[in-house]
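Before I ask anything, here is the structure I am working with.
Labels run A, B, C, D, E and F following the written order; every chain starts at residue 1.
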């Protein structure tokens, strides 16, 4: 079973959602399971898609690869298999690096990264698991590494969105589509 | 300073958001700071409002008071002052109980609750802090206490949304409006 | 039920304790439940009252408000509803601040505080939950913030006493008197 | 240095305390360092001694050895060297067992104990480190193992007192007297 | 840099080790980095190889795939990138399952497994991170799921060996050979 | 019972192991229980003995006492009674200090140590419990305290070996021989 509470096939979604999911499926070549798992609650799926798009498709601030880096790092800290595997695939593609995702997805705290990427991941991790300890020192470190406040917001907001997304995946025991495991790997 | 990255006054929001925030302000008597803290990113604020509305204003499943109970319990586990104080006020009003929020907001694990409320809070807490340990046993306990799968989804999804919301509040060092501290208290 | 192991009414206490509790009740307007929960063990209650008085009524070192600040911060870290609510009320009154207690009582690690108060709370928190990690660095930070050794002792000793007090409250599932919830709030 | 904030020799204590400490010294053959570390605050030392006596010398409820067992187990969980070494010595003597203290002092969760002693230690440990999770289930387990409510109170109250005592020892970086290390060992 | 303290090429190893490593390299097609990272201490490398062989090549008890399952699960709990990636590759091959390793390597606590595999992984996880809490209940659960004492020993001993191996990899900041990332994946 | 899975007496060991264990027994005056607990798996015992010897009898790098210090500190962090008691005895003898082991064995984080010993223990502790957080900063601190890379390797490798050893002891509920409790104590 790919989701604890059942799956909704795209054909059974309201028109606007069916079209949006179809568009995503066309790009990926398959319908990512998350959309099928959330489909029985169209209003929630719609808001989730909007939030996701607002943060992951934003053209200013962090690069697309950096956004995926935040997702993989924080999803790793939350041991979310769906998000690590699915966004690990996207990170491999966007970073043009077939090894990075397995490093960050296993040990985000010490995966080998350049200084800017390390600052991004450290900031994300500070907020991901013990947000009550997040404070001015974390923001100051990020600024010291050259992140702008706009970029810091991107890191924090993506971390926040995937705190939600990871929990939806854990709630539903969501399984990644098989396609994700191979995307962007060397020689594939 | 009420937010680490500045505040956007409602007048500076796009029309649709200005109207939505105005409507909320009319009901509460003031503009909750969360909307001013998120206002500089209208697309994110819009998605957040939609998600919030989809889950907190839903008429089936959990009662309105039960939804706020999930928010206060998980925000307490995340030590999120804005959410505990703001939603603590709403919980006092919706549950018509001036004491409940301080109990749940201080020790959600053992606040005195009836069996159904305890099952709701236990389920939410299981997902809130160590989501990787969430599993069939947690869902089975909730079902055994009489929660339907629709209600379990509500608990999980609200926990997920406020995992995000709590982190946005920690990211911005968001302060609750003074009005929230007194709303719904005995004799006020 | 306000305490797991029953309550002892003041009239059933030995004379000296009845008088001391009566004096406290006169000041507060009611008998705080902690005294009724401990009353069946007069020798323990007497020692507890003496220890409490020696530390909380001491006129040198920390101010009265600062002493309550230590209590609320460490009781928050221990999720002790009785102590957060009861001493939160006293802190509101002593600090003449209707909002401070809810901030410190929800997130003591990052409640907005001036430098001296922050140093006091940080020192207390360092000792409260993982005392084995408390060391010279914690003391040095406190001294660097201007705390004298006499004040550092006050912080540490109050933290220690409430480590005990919080556990007595958890042992007895002690409920705060309803009066505490409203004391010292704005406009009340 | 045996204590971070200096030591007060018995001769410099108020009369009543000098006599009480002398009496203890006569029994042990030396002045336990805790009394010298607390001596500069006579009111606190007096209350501490009273509380200690009320709980550790009580003749009903737990046996003397069982009381020391609670102290060693919870002090081990708190990694308090002074209390583990000092009360480890007393436990060896009271339990007439030269090995027990090192077992409980290293791994209280799984030291080999008979069923009653295990129930006592489990109850104490449940309250010692994460008191917010202490609840009816812990009390029920203790009762199921045959502990009376009077004995449960003893376990809980001793755990509470040594939560304080351990933190005073950590605050002062208190070192155990050399005599404690050997007391009650086989052949000594 | 593939290892914090330098690499020793097989040609520079003592004869017996050079031959053993050559044999492994012939099977895998490359020299796994762990042998190059440990090579400057031949006595330690020899003992490590012997221990590894004694446990991972043992023909009784657990199957070869089950042995790798224990390695991937506990290395995931220890966030050891080298071991998760390298043994993840072997697990894919031995279990003839291209997806299993990423599931277990991301969330070993709730990766979808059949009952026997779940019992093996649960036993391993109980010993991996908080060994002080490991006890009779864990062994009883494993026996109840049908594991023999010989198999239980295999699980425990492999968990122990990789507690060491994971720490050697963290000590040396060891990077997995690129070949491991692709081995045993679908279609490769 | 001294071990959960039975004991193998030296006479029942293969010749080479019987001789090695006899040699150890001659030095100590008794057969340490660990060898009897591992004896039913000769290949594993042989590798364990080799690894142990390679690291604990090495003549370069750390002194013998410093090696035992690492063992006692990390075994304390892992609450391993067998290793704390057995190696605590050896540490007392090698460091010619009857008190050191009880300090380090109870609170390795703040046992009073000179700067070099503190650096060794801090490095070991950084790797012992949360190895995923071990990184360049830990190595830099050790180097700053004067440790060579060869010594750092010793600390790390001994920590790794006893991560395994501690888990074998927890797996088998191994009890220390009574002789260990008294060895090297003052006046004995």
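Just so we're on the same page, contacts are C-beta pairs under 8 Å (C-beta built on N, C-alpha and C of every residue); 3 or more make two chains touch, one makes a residue touch a chain.
What you see is a predicted model; the values in this text were computed from it and never measured.
Enquirer: Rotating chain C so that its CA atoms sit on those of chain D: what angle is that, to a multiple of 5 degrees?
Expert: C-alpha superposition angle, chain C on chain D: 180 degrees.
Enquirer: Are the two sides of the chain B and chain C contact the same residues or different ones, given that same means over half of the numbers occur on both copies?
Expert: same
Enquirer: What's the chain with its C-alpha centre farthest out from chain C?
Expert: The chain farthest from chain C, judged by C-alpha centres, is E.
Enquirer: Can you spot which of E-F, B-E or A-F is a repeat of the C-D interface, where more than half the contact pairs line up?
Expert: Matching more than half of the contact pairs of C-D: E-F.
Enquirer: Once you find the CA centre of chain C and the CA centre of chain E, what distance in Å lies between them?
Expert: 50
Enquirer: So the centre of each chain is just the mean of its C-alpha atoms; given that, what is the distance between chain D and chain F in Å?
Expert: Using C-alpha averages as centres, the distance is 28 Å.
Enquirer: How big is the gap, in whole Å, between where the Cα atoms of chain D centre and where those of chain E centre?
Expert: The computed centroid separation for chain D versus chain E comes out at 43 Å.
Enquirer: Any chance you could list the residues of chain B touching two or more other chains?
Expert: 79-80, 107, 109-110, 132, 134-135, 170, 173
Enquirer: Can the chain contact pattern be summarised as a line, a ring, a star, a complete graph, or none of these (other)?
Expert: Contact pattern: none of line, ring, star or complete.
Enquirer: Go ahead and list every pair of chains that touch.
Expert: Final set of chain pairs in contact is A-B, A-C, A-E, A-F, B-C, B-D, B-E, C-D, C-F, D-E, D-F, E-F.
Enquirer: Please output the residues of chain C touching chain D within their complex, sorted ascending.
Expert: Against chain D, the touching part of chain C is residues 4-5, 41, 43-44, 46-48, 50-51, 53-55, 78-80, 127-128, 131-132, 134-136, 139, 149, 152-153, 156-157, 159-161, 163-168, 170-171, 173.
Enquirer: Flag every residue of chain B that touches chain D in the complex, lowest number first.
Expert: Of all residues in chain B, those touching chain D are 107, 109-110.
Enquirer: For the complex, give me every residue of chain D touching chain B.
Expert: Against chain B, the touching part of chain D is residues 132-135.
Enquirer: Provide the residue numbers of chain A that touch chain E in the complex, in ascending order.
Expert: Against chain E, chain A makes touches at 76, 79-81, 84-85, 98-99, 102-103, 105-107, 109-112, 170, 173, 175-176, 178, 181-182, 185-188.
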